[in-house]
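So, here come the structures, one by one.
Note that chain A is present in both complexes that follow, paired respectively with chain B and with chain C.
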Partner chain A sequence: MKKISLLLSALAGVLSFAQSSALFVENYSIYNAVGRLRTGMPGGAAGPYMFAAPNPPFGSYTVPAGNSTQYNTFDTSGTVALPIVKWYVGDATNPANNGTFAYNDPFITSVMNPSNEWGGFHFWLVDPSTNNTVDSYELGDPTIYPGFSPSLTGSVSSADWFIISTPTGAITYMLIF
Partner chain B sequence: MKKFLLLLGICAVSSAYAQGGTLIIQNLTTNYDFHGNIYANNNTGGGCYPIVTSKDPDPIIVPAGATAKYENYRDQYSSSGFPVSTWNVYLGAGSPVSPRPWNHGSLVPGGIISNNTKWSMSKFQMYHAGTSVPETYFNGDIGGTAAPCNTAPDVVTTAWGSAKWFTITSGTDVYTYLIIQ
Partner chain C sequence: MPDVKQYFNVYSKYNLIMKKLLLSAVLAVSTLGSCSNESAAVNTVESMKSPQMENFDKAFKSLGDPQNRPTEEERKRSTSELSDRRKALLVPASKELILSTGVTEAELTRKTGGDMSQTIVWATQIYMQKSDEIRKNLKSEK
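Let's look at the complex of A and B:
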């Protein structure tokens, strides 16, 4: 019986530990998704937040048409496809934290990893050949960023932001169609 | 220790069971049409989302004696005798409903939603065949009971007929049946 309670509480622990979830990014559209990929405090609580620096060669954080990637944690985001090598941190509760940090900076590991969750992506879909913007979105978790929505439909595209819980933990998905 | 192993086993089964498979609705009655909506959802790791429900037609009508088959959200549109043209997708608690056509990219077989949902239940009302007159007490919510996401029983029994929900696994294929008789 003790072991059952242990297992159940271990499961519960995994589920409530949403900030450690991986983020899967998949852009199935024919447009580049350009904007700010944001993390934030659970429930929109006051505290530090951050958004992704541009991934080279782009001038803003960009998920190119047809591309996908996976970020397991904030402090390993610089080592994958579409790398986030720097995070821009803001913190109204402690302005000393404001600034730009390398993805593997100890501050990201010790402060941002345990406190933040994937929050949302404020982005524009841009035609890569003409540079025209075709749709814009504030996609994400409205409990972290009010005004963001987990499911949106534009003029020529649509976008979903959701969490799949599995027996081994939660995965956050950001899908653009 | 036995209970521990059992619980682990249940966890393993539920994770292996994530594929949707085919839903087959067999209306074996001779005098009642099935009017119902069908549901699928995630049921692993304590999360119930995404939830996918039939939107158009509302309801699906399977006439007396007919069988409807839904192999997945997309391909059923061309293969089913009673196809669903639009699904409602609920991504999470408090998330707005997204009506999605059968051929939307988010619903393709092998996609995230398809791989993480399975047929879970149906809300139905039987009608006198060929009419718009319901058989008032021949109805119900029926599904593959799996708390906490799905509390519908797998049997509905009335004085006018009964319904049964079950799954059959053949190799790696899962067939979910809803039989009305």
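Let's look at the complex of A and C:
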């Protein structure tokens, strides 16, 4: 019994290491980052894409000032510090896929996990006390979303989107300064 | 002559009231104490981070310092991979975090081959796992 569980956990370790890219998010600024966190097809190929539903209590997906969170996979995004409990899926190549899915829906696991990558964050930096927008960004991977940039500087802030890749997997980082 | 019995009754009543007061005072103080403990427990994901985790945080934050922003040349590259110059800024804190888990220098070198990317990604995985553990512990304390 012990051997089996050891074997299983070792296997789980190998499998989790083989997962595609996790997303590491840090908002070091004093502003809330409010907008659409997007995933997309590598190279901007046609196919399904999705963006994150609002994380309560916010009306749009928000990384509050000074907050951080991590997403290991799309289908585990509902159980972390800033949960994404639903994904809005769009697919011009197969409109039957359009719709809202729970993060742990089998569709997210079987279709979105293997096909999509973290694409970018189209967001506004909002002063939490006055609600004024101070900067806006289309931050992300331009090969997935043309018009998005991996490194940007605003009027009172700056932001980075990058990957660090290794032979056994990569991690995507989104940092707001 | 005052009734001794009556005197005794009054005295014991007084005693009882004092006891009750004392008890509620103790209760109040201990409730207050636990409240302040609770408010101290909230928002302490930050305070529960190890010094190595804090330094790892600081290293990533330093990528926002003016001298560490991407250069014109780095911006022109057609890749999202972080430049080697900026990766190097993350390596010392990453090594420190990996070693803090009990991994030896020799193991670190053997597993990463001294590669910057493998070192940073390994440290990030440790950081993510540790902050997740802290968050879960805080949740179960509530």
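Going forward, the second predicted complex is superposed on the first by the 155 of 177 C-alpha atoms of A that agree within 3 Å, B and C clash if a C-alpha of one lies under 4 Å from a C-alpha of the other, contacts with A are read in each partner's own complex, and residues count from 1 in each chain.
Note that in this section a contact is a pair of C-beta atoms (placed from the backbone, for glycine too) under 8 Å apart; a residue touches a chain by one contact, two chains touch by 3 or more.
Because the structure is a prediction, the values reported are computed rather than measured.
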{"item": "First (chain B), second (chain C), both or neither touched by A:Val80", "value": "second"}
{"item": "Chain B versus chain C as contact partner of A:Ser136, first or second or both or neither", "value": "neither"}
{"item": "First (chain B), second (chain C), both or neither touched by A:Gln70", "value": "second"}
{"item": "Which of chain B and chain C A:Ala22 touches, first, second, both or neither", "value": "second"}
{"item": "Partner chain in contact with A:Ser60 - chain B first, chain C second, else both or neither", "value": "neither"}
{"item": "Doubly contacted residues of chain A, that is, touched by chain B and again by chain C", "value": "24, 26, 28, 143, 150-151, 153, 158, 160-166, 168-170, 173, 175, 177"}
{"item": "Footprint of chain A on chain B - complex, ascending", "value": "1, 3-4, 7-8, 11, 14-15, 42, 44-47, 49-50, 89, 91-92, 94-96, 98, 100, 104-106, 112, 116"}
{"item": "Residue numbers on chain A that touch chain C, as the complex places them", "value": "22, 24, 26, 28, 68, 70, 72, 80-81, 141, 143, 150-151, 153, 158, 160-166, 168-173, 175, 177"}
{"item": "Chain A residues touching chain B - in the complex, by the definition given at the top", "value": "1, 3-4, 7, 11-12, 14-15, 24, 26, 28, 142-143, 149-151, 153, 158, 160-170, 173, 175, 177"}
{"item": "Contact footprint of chain A on chain C as seen in their complex", "value": "45, 57, 60-61, 63-64, 69-70, 74-75, 78, 80-82, 87, 115, 117-118, 120-121, 124-125, 128, 131-132, 135"}
